[in-house]
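Paired with chain B in one complex and with chain C in the other, chain A is shared by the two complexes that follow.
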Partner chain A sequence: MKNSPFIHFLMLEFFKERKKHIGVISISLVILFLLSSVLFISSSIRHSLNQTLAWEPDFVVQRIQGGQKVNAPTEWIDDLLEVHGISKITSRVYGRYFFKSKEKSFLIVGVDFMDEQSHKALRMMMDETDLKEFLKGNNMLVGEGVSSHLKAHFYPNGYTFLTPKGAFKKVQLFKVLPKKSNLISNDMIIVPIELAREILGMGEDEVSDIAFNVPNDDEWENVADKISAFYYDLRVVTKEDIKKAYENLYNYKGGIFLILFLIVIVTFVLILYQRYSMVYSSERRHIGLLRALGWSIRDVLKLKFFETMMIVLIAFVLGVALAYLYVFVLGAPLLAEIFLGGANLHNSVILVPVLDFGILSSIFLIYAIPFISAVLIPTWKIAVTDPKEAML
Partner chain B sequence: METMIVIENLNKHFKSGDAIFKVLKNINLQINAGECIVLKGVSGSGKTTLLSIMGGLDRPSSGKVLVEGESISKLPDLHISHFRARKIGMIFQHFNLFDHLTAAENVMIPLIPAGLDMNEVNHKVEASLKLANISHKAKSPAGRLSGGEKQRVAIARALASDPAIILCDEPTANLDRNNSLKFIDILSQLHEMGKTIVVATHDPLFDTLPFESRIIPMEDGSLVSTVSEDVLEQG
Partner chain C sequence: MVKAFYLAASLLFLMTLIVGMHYIFTDRVDVTGKLSAVAGLTRMGSPSLSVAYYEQRIESRVQEVEKENNIIYPEMMPVDRMDFVYEK
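Our next item is the complex of A and B:
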């Protein structure tokens, strides 16, 4: 191969005409960088979500009245206990607490630390918290967004909540939840279940919802149907529903970007197509001359294919590498805001590096196929005309 | 003498809307191996089109072109490309060099599809540049060469694959008298080497070539008559 005149000529053409290629490579690089960044961000978020949601219970039972979620009675737990195939029933207490001007809100989650299941579900977020110490007083574990917000409003060590009964409840900030769980825990405050009931004004006989597992996957549908029939205002939410709701949100944002990139790519490809198919372009004369000097259509297409592949590969490798650095090393400033923005509190999520073959091949195919076609189709059209006509 | 090119009842016309322009009209011509033919005529007489059809760059509307007994008029692309690469050396009016490549790299182009290795290609390129007396400019970019130098690079490129036929389209149209005479010198050497040469020109310098040649005047797409220069000299 090293001794091949074709490779030699290919390299000559490529490097001696580099000024012609720099523009195309630069535009390609920008498109590929943005496209890769968006796909990296969305796949990283999806990956983190899957990992976080893995701890979620299989089912959640909620009470819906007047079209909105209200607290469920604890007696529902007894009903659930009678259903065959259900395990690890956990009552959950949580609710939104609006901060001052109501522009921001926290999600207060009450945890029954005596309940192993409830504890386990939040273990990932709580990391190595000293529970004994934590339970000694009115303490809270907060997400990074909550911590930043409190600090910004001069509450660095704790906050005094106003209960629905008009009483003040001072709670100390015990620890900030690890950044790796920010996707879920950013606006979360974890407190003991009794404290949560007090702050949210919930009675002893009510819970926000009830979670449980069904170990046998085949029974999921049956169990859901059976429980749904218990009460007219009972709603069963599956883990898949929660996952889909999150995914839809990020897929929606990613989808908008993808459509924008497709528009950009189509425009770029049309410009390229026009450039290569221009009647009096230098490309046309170039091809005509090669044909006049004894090159077959196949030879010309081979040259243009490899030349285009070099452009595509250079732009692809650089674009993807830069996107990887931008997303996973620099944390995707600006772009991540678009994905995670609109949230209640500013969320600085750690984007876990996810680089699978599917993403890379998607990026490559979305870009390379239209690009190569935009060059090869007009090249072929010129190459099949008589060389004399092409050289005019 | 062996016959190199035979043209039989050749016609070429172009359509433009409803109008048909007849560029070549019933051309019949036989060219022997080693012969030098000068197609003479004013612009639009059809000499360049005839030259292009002989070189396989264009196809006739009807009629045949036989080169060494093989009809080239209806050859598929791969065959006509091989024919051009092996049998034809083309010298164009505007030189048609790739300005971003050096003289040697330009000469290399017709050899690339031949399947040779790089050493063979380099050897042939050197020999061709030497023959065209332009070896000293081998590494100069074609875009920086003078008209005469470009023409010599174009000659070297035409000779690179050692073709039997050299076709020259208005080869001196962009050269001064001095360079035109140098070109004729090189043509003389090629003639001595036994190449079959066909020149399409309206340059009077080709009326009195220093070697045996046949001048064929063209007018309005037809060959006017066939006159051999040596016959003229005798007459």
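Our next item is the complex of A and C:
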């Protein structure tokens, strides 16, 4: 292969036309880099969220009034306890606290630390000594975004919340949640459930919603039907609904970029096609010359195919590798905000590397096939004409 | 001239190798472990989207105009609304 005259000629040809090829590679590189970056971000976030789904409850029961979600009464928990096949019933207390002066909001989540699962999860984040200390007073665990926001506004050790009843509640900042959990905890404030009720102005007999599990998957539909029949203002949200919501959210955004990519690639291919099929183009004369020197149509097509494949491969490998480094090493600055938003607290997440080979091969095919066709079709058209005519 | 191609091919191979090494040796367990711990503690795994606070409804069907968060196309509906995930 090393001494093959064809390979040698191909490389000479490629080197001679390097300026032209560098231009084409650069445009392809930008297109592939942007598309791969977007798809990497979306697949990484989706992957991480799917991992956390295992920890989420199978069902959430909410109370709906006038199309709005309102607080549910705690007596619903007693009704749920009577249903056979339900386990891990937990009341969830959460709501947003508006930091009016700066127009930012935090998510306050009340946790029952006496609950076995919560206790176990908390121990994964802090040791036994910390835990005892934490439960002693009015303490809170905050996400990184909340911590930076509070520090920037001169609340380094805690914050005094204004409850809806007009009272002030001072809460000490106990610990900042790990940066690695920023994807879900950036704007979160975790406090004991009673404290959360006080800050959010909820009564003792009220909860935001009720979560529970149904260990037998086959019973999911039955249980959902049974519970829906309890009250007219009750809504059951399943884990599948949440999963679908995530899928829609990120497929939608990835889809927008895919459409843009297709528009750009079609335009690019049209430009290439036109360049090769121009009557007085240098390409035309070059192909005519090769044919006049005795090259067969097959040889000409082979030369152009390998030349284009080299461009495609260089652009693809460079584009995807740079996108990988930009997303998973640098954390996708600017582009990640499209997925995470930028209207509230700034969130910088650690994106777990996920390479979806199905997506990568689709990108390659969507890019390579039109590109190669845009070069080979006009080349073939010129190659079949008389060399004298082609060189005119 | 052929040497230049060997060099280019080696650079591409090196880049692929770096990506491959990073992909294989990145610590995924720690990140997913921390995410799972927070999700397990709060029983809430929705993403912390940085979106504006949608409280102000001026009338039952009219929501106050949301702040422009896209200067290029201000009329575009924000696709990362919080209620999309927190509520059904």
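Going forward, the second predicted complex is superposed on the first by the 374 of 392 C-alpha atoms of A that agree within 3 Å, B and C clash if a C-alpha of one lies under 4 Å from a C-alpha of the other, contacts with A are read in each partner's own complex, and residues count from 1 in each chain.
Convention: contacts are C-beta pairs under 8 Å (C-beta built on N, C-alpha and C of every residue); 3 or more make two chains touch, one makes a residue touch a chain.
The structure presented is a predicted model; accordingly, all values stated were derived computationally and were not measured.
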Partner chain(s) touched by A:Ile314 [first = chain B, second = chain C, both, neither]: second
Chain B versus chain C as contact partner of A:Val38, first or second or both or neither: neither
Which of chain B and chain C A:Ile210 touches, first, second, both or neither: neither
Chain touching more of chain A, residue-wise (chain B, chain C): C
Partner chain(s) touched by A:Leu12 [first = chain B, second = chain C, both, neither]: both
On chain A, positions contacted by chain B and by chain C: 8, 12
Chain A contact footprint on chain C (complex, rising order): 1-2, 4-5, 8, 12, 15-16, 18-19, 22-23, 26, 28, 30-53, 55, 60, 67, 69, 78-80, 84-85, 87-88
Touching residues (chain side chain A, partner chain C) in the complex: 8, 11-12, 14-15, 45, 48-49, 51-57, 62, 66, 69, 90, 92, 94, 96, 98, 103-105, 107, 109, 111, 117-118, 120-122, 124-125, 143, 145, 177-178, 180-188, 190, 211, 235, 237, 241-242, 245-246, 249, 252-253, 256, 313-314, 317-318, 320-321, 324-325, 328-329, 337, 339-347, 350, 352-353, 355
Chain B to chain A touching residues, read off their complex: 52, 55, 57-59, 77-78, 81-82, 84-86, 88, 90, 96, 98, 100-101, 105, 108-114, 116-119, 121, 157, 161
Complex interface listing, chain A residues touching chain B: 3-6, 8-9, 12, 16-17, 285-286, 289-299, 384, 386-389, 391
